[in-house]
Each structure stands twice: as C-alpha cells, then as structure tokens.
Amino acid sequence: MGKLFDIVLLILILVSVLIVMLESVTAINSKYHQYFLVIEWVITILFTIEYITRIIVVQKPAKYIFSFYGIIDFLSTIPLYISLIFFGTNYLITIRALRLLRIFRILKIGRFIGEGNQLRKALMESRVKIFIFIFAVIIIAVIFGTLMYLVEGEESGFENIPVSIYWTIVTLTTVGFGDIAPITAVGQFLATLIMILGYGIIAVPTGIVGARYFKNSKEDFVHVNSQSCQNCGVSKHRDDAKYCYNCGENLYPNNSSNQ
Amino acid sequence: MGKLFDIVLLILILVSVLIVMLESVTAINSKYHQYFLVIEWVITILFTIEYITRIIVVQKPAKYIFSFYGIIDFLSTIPLYISLIFFGTNYLITIRALRLLRIFRILKIGRFIGEGNQLRKALMESRVKIFIFIFAVIIIAVIFGTLMYLVEGEESGFENIPVSIYWTIVTLTTVGFGDIAPITAVGQFLATLIMILGYGIIAVPTGIVGARYFKNSKEDFVHVNSQSCQNCGVSKHRDDAKYCYNCGENLYPNNSSNQ
Amino acid sequence: MGKLFDIVLLILILVSVLIVMLESVTAINSKYHQYFLVIEWVITILFTIEYITRIIVVQKPAKYIFSFYGIIDFLSTIPLYISLIFFGTNYLITIRALRLLRIFRILKIGRFIGEGNQLRKALMESRVKIFIFIFAVIIIAVIFGTLMYLVEGEESGFENIPVSIYWTIVTLTTVGFGDIAPITAVGQFLATLIMILGYGIIAVPTGIVGARYFKNSKEDFVHVNSQSCQNCGVSKHRDDAKYCYNCGENLYPNNSSNQ
Amino acid sequence: MGKLFDIVLLILILVSVLIVMLESVTAINSKYHQYFLVIEWVITILFTIEYITRIIVVQKPAKYIFSFYGIIDFLSTIPLYISLIFFGTNYLITIRALRLLRIFRILKIGRFIGEGNQLRKALMESRVKIFIFIFAVIIIAVIFGTLMYLVEGEESGFENIPVSIYWTIVTLTTVGFGDIAPITAVGQFLATLIMILGYGIIAVPTGIVGARYFKNSKEDFVHVNSQSCQNCGVSKHRDDAKYCYNCGENLYPNNSSNQ
C-alpha cells in the first residue's frame, strides 16, 4: 500500500516536471495546451491532498511545515491556485514565474533517495574548506577580471568589470563559452595564466572531497593529540587515552573521574 | 594458428570501421565506392563464417547468441544482408542507419583487451553512488535550466526549458560550447553559480572512483609494525605476527600464550 | 571593540570593491558618479587612518611596510591621492589604471581568513612538482602550438606561433573558447591528441595536491594494532605502546625489558 | 665552469625558441628579419660545436647519437644547414617546416630538470591502464560520433564521421569549442549523454595516477601473497617471508637454500 503510494507519487512528480518542460516548447504547447491544463489540475489536487494529509498525520505539524520537504511540498501545491488570482490580469511575467515554480517538485524525489549518505557527510564536514576555496576563486576572478578589463577594454567585449569577472570565471572553471575572447597579445597572455591557474586549482576540490572520503574509509587509524605524559614526556596519545601508553602514568591525575 | 586468426580478425575489424568512416566522406566515397563495396562483402562473408563457426563450436549456443559479444557479432554480420532487402527502394535513411550499424564492430575489439579489469570492478561496485551523482546533476540541471529560461528568455537562445537544461549541462560539465550564452546580468550571475558548482562537483566522481581504487589496492596489503626479531633483527612484521617471517624465531618468547 | 573595527573594515573593503566594479558600468556610473566619488574619498581617508595607525602601533614599522599586507594597505590608500596629481591632464589610461588599482583592496580580506591553512602548506610543499608540471605544460604547448601553426596556417586563425601556443593552452586546459578552431583534417587530428593529453594530465595536479593532503592528514595519525589489554580488554593501541591507554596496565608484562 | 656552460646553453635555447616564435609574427619579422638571421647562425654554430664536442667527449658516441637527447641535439643543429641546400628554390613549405623544426630545441631544456622523477615513474608503471583508458575513449568517440553523424547530419556541421568523431572527443574531454554544435533535440540529448560521460570518466586518469602516487608514498605497508603455511594454514605472508609469521614453520621446506 505504502509502496503503491510511493510509485504513484513518483510518477506524478515526473509527469508534472515533464509537463512544465513541454509547455515551454511553443510547438508542443499550442497543440496540447488543454490536455496539459487538465493534467496539471489533477496533479495539483492530488498534491494538495498529499500536503494536507501529511500535516494531519505528522505529529509536529509546525516542524513539518517549515522543514525542507514541507516547504517543497507547499511550493509544489500552490502555483496553480495563485495563478487563479492573477487570472485575466496582464502580469504575464509573474504568472510565468509561478508556473515554472512547479519545477521545484523535482526536489520531492529527494525523499526516495535517502539522506545522510557518505557524500553529504563529506561535503558537510568540508564546508569550511569549500567556502575558503570558493572565496579564493572569487578573489582571483575579481583581480584578473579587472586586469582583463583594463587590458582588453570594451572593444573586445569586456564591456565592464562585472562582465569581465564573469568571463574570468568562465575561463577559470575551464568552461570557455567563447562569446567573449581576448584579442590583444597581453590579454591572451593573461588568459593563459588564468587557464593554467584554473587547470591547476581544480585539484583542490578533488583533494578536499577525496581526503574526506579517504578519512571515512579509514578504520585502522585513530586520532592522536599533543598531550604529553607528565612522567615520561612522550606525546601523540590516542584522543581518548587516560593512561600513558609508554609508562602507564595517569595522563590526567587531577580529574581522573570525568575525563 | 589461434594467434593468426586473432590478428586477421583484428585487421578485419579495423579495416571495416575505417571503411564506414571513409564512406561518409563524400570526396573519398565518390572515388572509391566500388572498392569499398567489394571489401565490405568480403568482410561480411568472413564475419558470417566466424559467427556460424562460433555457434557450432560453442557448447551452449543459446547462451552465446544472447550474450554481449553474441549480439555484437550478429550486428556485425547482418547489415549488408538486410540492405539487400531494401535494394531499389527509397528508404534511404534506413539504409544509411543500417550501414552505420557496422560501426559497432569496433566493440568486437573488446575481446582482445580482457574483461574484469580493476576499473570495471571499481565502476560496478560504485554504481549506486554514480547513479546518485548523475541524478543530482540532472536535478541541478532541471532547476537551474528552468531559472535560466525564466531569466534569459527566448531572445538569448534559451528557447524552451529542454534547450535550457541542455545548456545547463553543457555549462555544469565545463564543456561550454558557446552556441548559447547568457547576455543579461542576472543570467550571467546564475551562469557563474552553475560553473562554480560544476567546477566543484567534478571532485565527486574522482572521489568515488578514487576511493574504490584505493580500497581495491588495499586488499593486498596488511599493517606491519616496528617490532624487531630478537634472533635476526629484521622488522616490519605483520601486526599480528607471532614468529619472525625471516628466521622463524618466536617474536614474543616469554608470553607466547596470550599474544 | 576590535570585533566592531573588523566588521567596519570588512564592509569598507566590500563597498570599495563594489564601487570600482559599478564605476565601470557606463549606465550606472553616469547616474551615480558624484555619490561614488564622495564614498571613495571617505573610504580612502579611513584607509589612510588605518594605514598610519598600523605603522604607529606595529613594533617593527619597516617590517610591516614591506610585508604582503603592508604593500596591499599602501596600494589600497594611494590611488585617489595620485589621481589628484594627474588632475586636468589627459593621461586617461594612467588614471584608469590607478582607479582600478583599488580592486586589490579585496586582498585585505585575506586577513580575516587566517593564513597558514592546510591548503597553503600543501601548495608550498609541492612547489617544485607544480613548477615541473607547469613547465611540462608549456613545453607541450610550444611544440604542439608550432605544429598547429604549420598545419593550419593563417587562414584558420592560427596567425602566428604565439597565437597558436595560446590556442594550444586553451585546448590543453579543456577551456576551448572556439574563437580559433582547426578546420583541416590533420589539424583536427592534432587537436584530438592535444585534448586527450589535456584530459589525461589534469590528473597530475590532482595527484600532487592530493598526495600532499594525504600526507598532511596522516601526520595526526599513528598506526594501531589489534593487541588487547589483559586487564581491561580494549584494543587498537599504538604500535609501539607498552602500556594500555585506557587502564595503564603493562601490555607485555613478561618482557617489558626488550619491547 | 660547467655551471657557466649550462647557463649559456639555457639562454641560447630560450633565445632560439623565442626567435622561432617572433619570426612567425609578420609585423615583427619584417622589421627585424636580418637580426634574427644573424642570431640564428650564431646559435646554430654554437649548437654545432656543442653537438660535435658531445660526440667526441662521450664514451659511446653511437649510443649518444641514437639516444633521445642525441636526436634532439641533432635536430637542433641541422635546420639552417639544410635550408642552405634549398636556397633559391621554391619549396617554401619545406623550408618553413625546417625552420619550425628548431622549436624542438626546447626539449634540450629537459636536461636541466632531471629525469626519473616520481611522476615519470608513476606514468610508466600505469602505461597499460592509460592505454586501456585512451582506447575506451576512442571506442566511445567512434560509436557516439557515428550516432551524432546519423542524427544531426551534414546540415549541423557534422559533415562526415571523422569530423563527427573529432566533435565527440572535443565534447567528451569537456573542451567544447562550439565551432560545431548539435541543433536537433535528439542530437542535444545525445550530446548531454556524452558530456556527463566525459565529466564522469575524467575521474579515471586521476584515479590511475593518484593510486600510483599513493602506492609510492606508502612506506609502512608491505606486499603480502596468497602462500599458505603447510603447518597452520594461515596465508597473507610478506612477499619475502621464509617462515610462517604465525607458527614459525618453514614456508618453503624443500628449497630453503635458494628462496
């Protein structure tokens, strides 16, 4: 029963996302618009039932409503209802944005994958390093972007510093659209530096995530600390050591009870 | 004899694939089309003989026919025969597709490389993680693709959501063709986010495969310690060694019972 | 108090960098130029006060002035003052360069991140390998760049060898702008070689930094073994442990002399 | 003295390579052609002296001449002399190729870097894996290239299968020039598959080289093998073990002398 519900939900999500996509293709939408609208209303009503049921069933409704999946469920339900309010008005861009909001329904799939996997853990534990890395990338982009703006100027498409920074990130991350490209010799030399830099520092996120992965897979190693033994002076004891591994002396003589 | 057969087969495969390629080059095909046709028939007949021989020789013909290489061998043999059926008709696209089917003959080379290598094993063992990774990439592409469609619109080449998702994957994987590129400030800012995201999560497959590699290469290793043998003086014994690996001396002569 | 100073400084830096960027956008600058100028002078005066205060407060002023952050602080202060000298003159490019010099203020943020992090250490220790790697990339680029120039020639945009080397680095680092692209069959074959080479050697910086990371993260770990304590039964002691880390019992009671 | 010789040689190499580059820039060459020619002859004569001296000084001249650096030294010396033979003739392309041959002089710098470094070793030991990897990339490129040719056709720039394979490698290696890009929906979907594939398998070279690096950095581990002890049956002894680590039994009782 619960299994059937899951499969139906999964199909609804995928159909819903598919319709959002197809609606944006003019040729398809002009032909099947009526069908899409009907299916959309069916799905919206089913999602509404699901959302209300969850609030009723769940023990702490407030906690659910403001949880990640609570907000996703709400955003998956509301768009069509709000679009009724704007019915007949000309706020076309608002209605369009509202309709596209339905794409976030795809996040409902997250429920079927299971949180707390190793990758998520590795990313969470490395968040400080990742922040510093992104920060370093931004600083490099700001400085080189400004230099490129100075060197290449507006004639080569480096219209202003924000665009120039955008181009530097395009280059640094090795994407390289080619919509903007340096044409002066100095600009091409600077671009070379940026590219080699980007090619090299791609190693950093790999190193960060890889090191976490590796750490998780380690089972035969333990953390040691810098605590020295008062009797024989050796250090690098296990983090949870109470006695010196070398001479058997109590490492924390004064608080042996709570250590 | 078997060696000679292998070399002949390898040459036939390579010649066959080369002809498929060259036939597609108009200038070359118009000149040598007759020669290509003759060689093709010779190769097809030889592959037919090979295929029939394999079925006869193999102990379980049914198992071979539906195996990976059985299907490849069949697909390598059949195209020219089917094209005879369509001879004189105008199903040009079908004939073209049939002829190109011959390119799969290149997979016959797989026999010469040897299956079950470490890489294949690493990939198979990581298939769940790889699936989750690809799934995450798709979710990111769907959401950012829809946002880019909303922000940039049809004027910048983001014609509809599927095209917009295609562009997001082009950017996220750091390919960056540049056939479509954002032109509004908000679009370029979003593109920057996608690029940095793509630049960062490239670490994930590396981490996944790398961790497997590491794990596989660990299986042949054991921990050793610095314990020296009292008899011959060598060290680096297994952690749980009781006797010297070099001279057979008891490593812990006085407490052999509790080690 | 020191905390408040830090926050004010951080905001000043970010506002200052933002203004440099916005000034380059013609539409924004023409509207708000006067406001930008006023804010700039306020920030310049505050940075001047900060710079002078640091010189007075610091114990060794000379050491500070020629330190990394000393130079950055000086460069963050000076631009507006120098631009006064050129006031009324037509050295527009000089003034423009001077104004953009202010972008280096972003490096002042470095103070808030903390030096000597693990990444910096890993990079410093691997500098010889990184140098050899960059050197190898340059040699590959010079040779393949020259070959591409010879093969493709000026018609395809490979105007001269420096441009051709620039293109090779664009390709080798997998950036691929597409402003220049090979059109002859031989050129495209050479390009294929360069791309596969670039795709492969991206592993090298990853390997270099990864290995350092691994080494650094190993320093806080020691080998443990499966030896159990006779008294309390815990295992995973350091390889060279003589006494139990948990209860202080002699691990090898009978041969404490030769362990 | 030897040090001075090295520095002079290094400068000569760099000047020589620089001149080859600058000669290709029309604007510079038309101005300084005479100077370049003079410097070229001076460098050629010095390299001739170096080459002859090496042959005389070296103990086994034949071995030197056909060694890597022997061939490089020869190629660095010969171009200008051969160009004399063609003097006055119209074999312009030959002369041009000859002149560009001088770019290989940059490989002479290899002498100053020192061979046999860790990276080279890691690459050599992984050559089978690297070959299989490149082979897999080529098979993927051939099959997807043919599919793209079938799907997109000549209208989108996929003129023939070789060009289509070239495009697939451009995409698979995440270079993405954008000179050719799919325009049909099916083509863009196939391109998406190629990109995600390329984004994923970039992990493989990293894994290969990384694993070798890691293996080299291992010092606390030893290889074990599957040999079982005849007395107690345990296996995973050190590769060079003569006696069982568990019971002290001779592992190879019948050939204890030569093991």
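All chains are identified by letter, namely A, B, C and D, in their written order; residue positions are counted from 1 within each chain.
Keep this in mind: contacts are C-beta pairs under 8 Å (C-beta built on N, C-alpha and C of every residue); 3 or more make two chains touch, one makes a residue touch a chain.
In this text, all values refer to a predicted model and were calculated from it rather than measured experimentally.
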Inquiry  = Farthest chain from chain C, going by mean C-alpha coordinates, please.
reply    = B
Request  = Name the chain pair with more contacting C-beta pairs, choosing from B-D and A-B.
outcome  = B-D
Query = Are the two sides of the chain C and chain D contact the same residues or different ones, given that same means over half of the numbers occur on both copies?
reply = different
Length of the line joining the C-alpha centres of chain A and chain D, rounded to whole Å = 37
Query = So how far apart, in whole Å, are chain A and chain B when each is placed at the average of its C-alpha atoms?
reply = 28
Inquiry  = Suppose each chain is reduced to the average of its Cα coordinates; what separation in Å results between chain B and chain D?
reply    = 23
Inquiry  = Where in chain B do residues touch two or more of the other chains?
reply    = 133, 162, 174-178, 198, 202, 206-208, 210, 214, 223, 240
Query = Hey, which residues of chain B end up touching chain D in the complex?
reply = 17, 20-21, 24-26, 96-97, 100, 103-104, 106-107, 109-110, 113, 117-119, 122, 130, 133-134, 137, 162-163, 166, 169-170, 172-179, 198, 202, 205-210, 212-214, 217, 220-224, 236-238, 240-250
Ask   = How about chain D: which of its residues touch chain B in the complex?
value = 129, 132-133, 135, 139, 142-143, 146-147, 149-150, 159-162, 164-165, 171, 174-178, 181, 185, 188-189, 191-192, 195-196, 198-204, 206-208, 210-211, 214-215, 218, 220-224, 236-238, 240-250
Of chain D, residues touching chain A in the complex = 174-178, 206, 210
Key: Interfacial residue positions of chain B with respect to chain C in the complex   = 174-178, 206, 223, 225-226, 230, 239-240, 252-255, 258
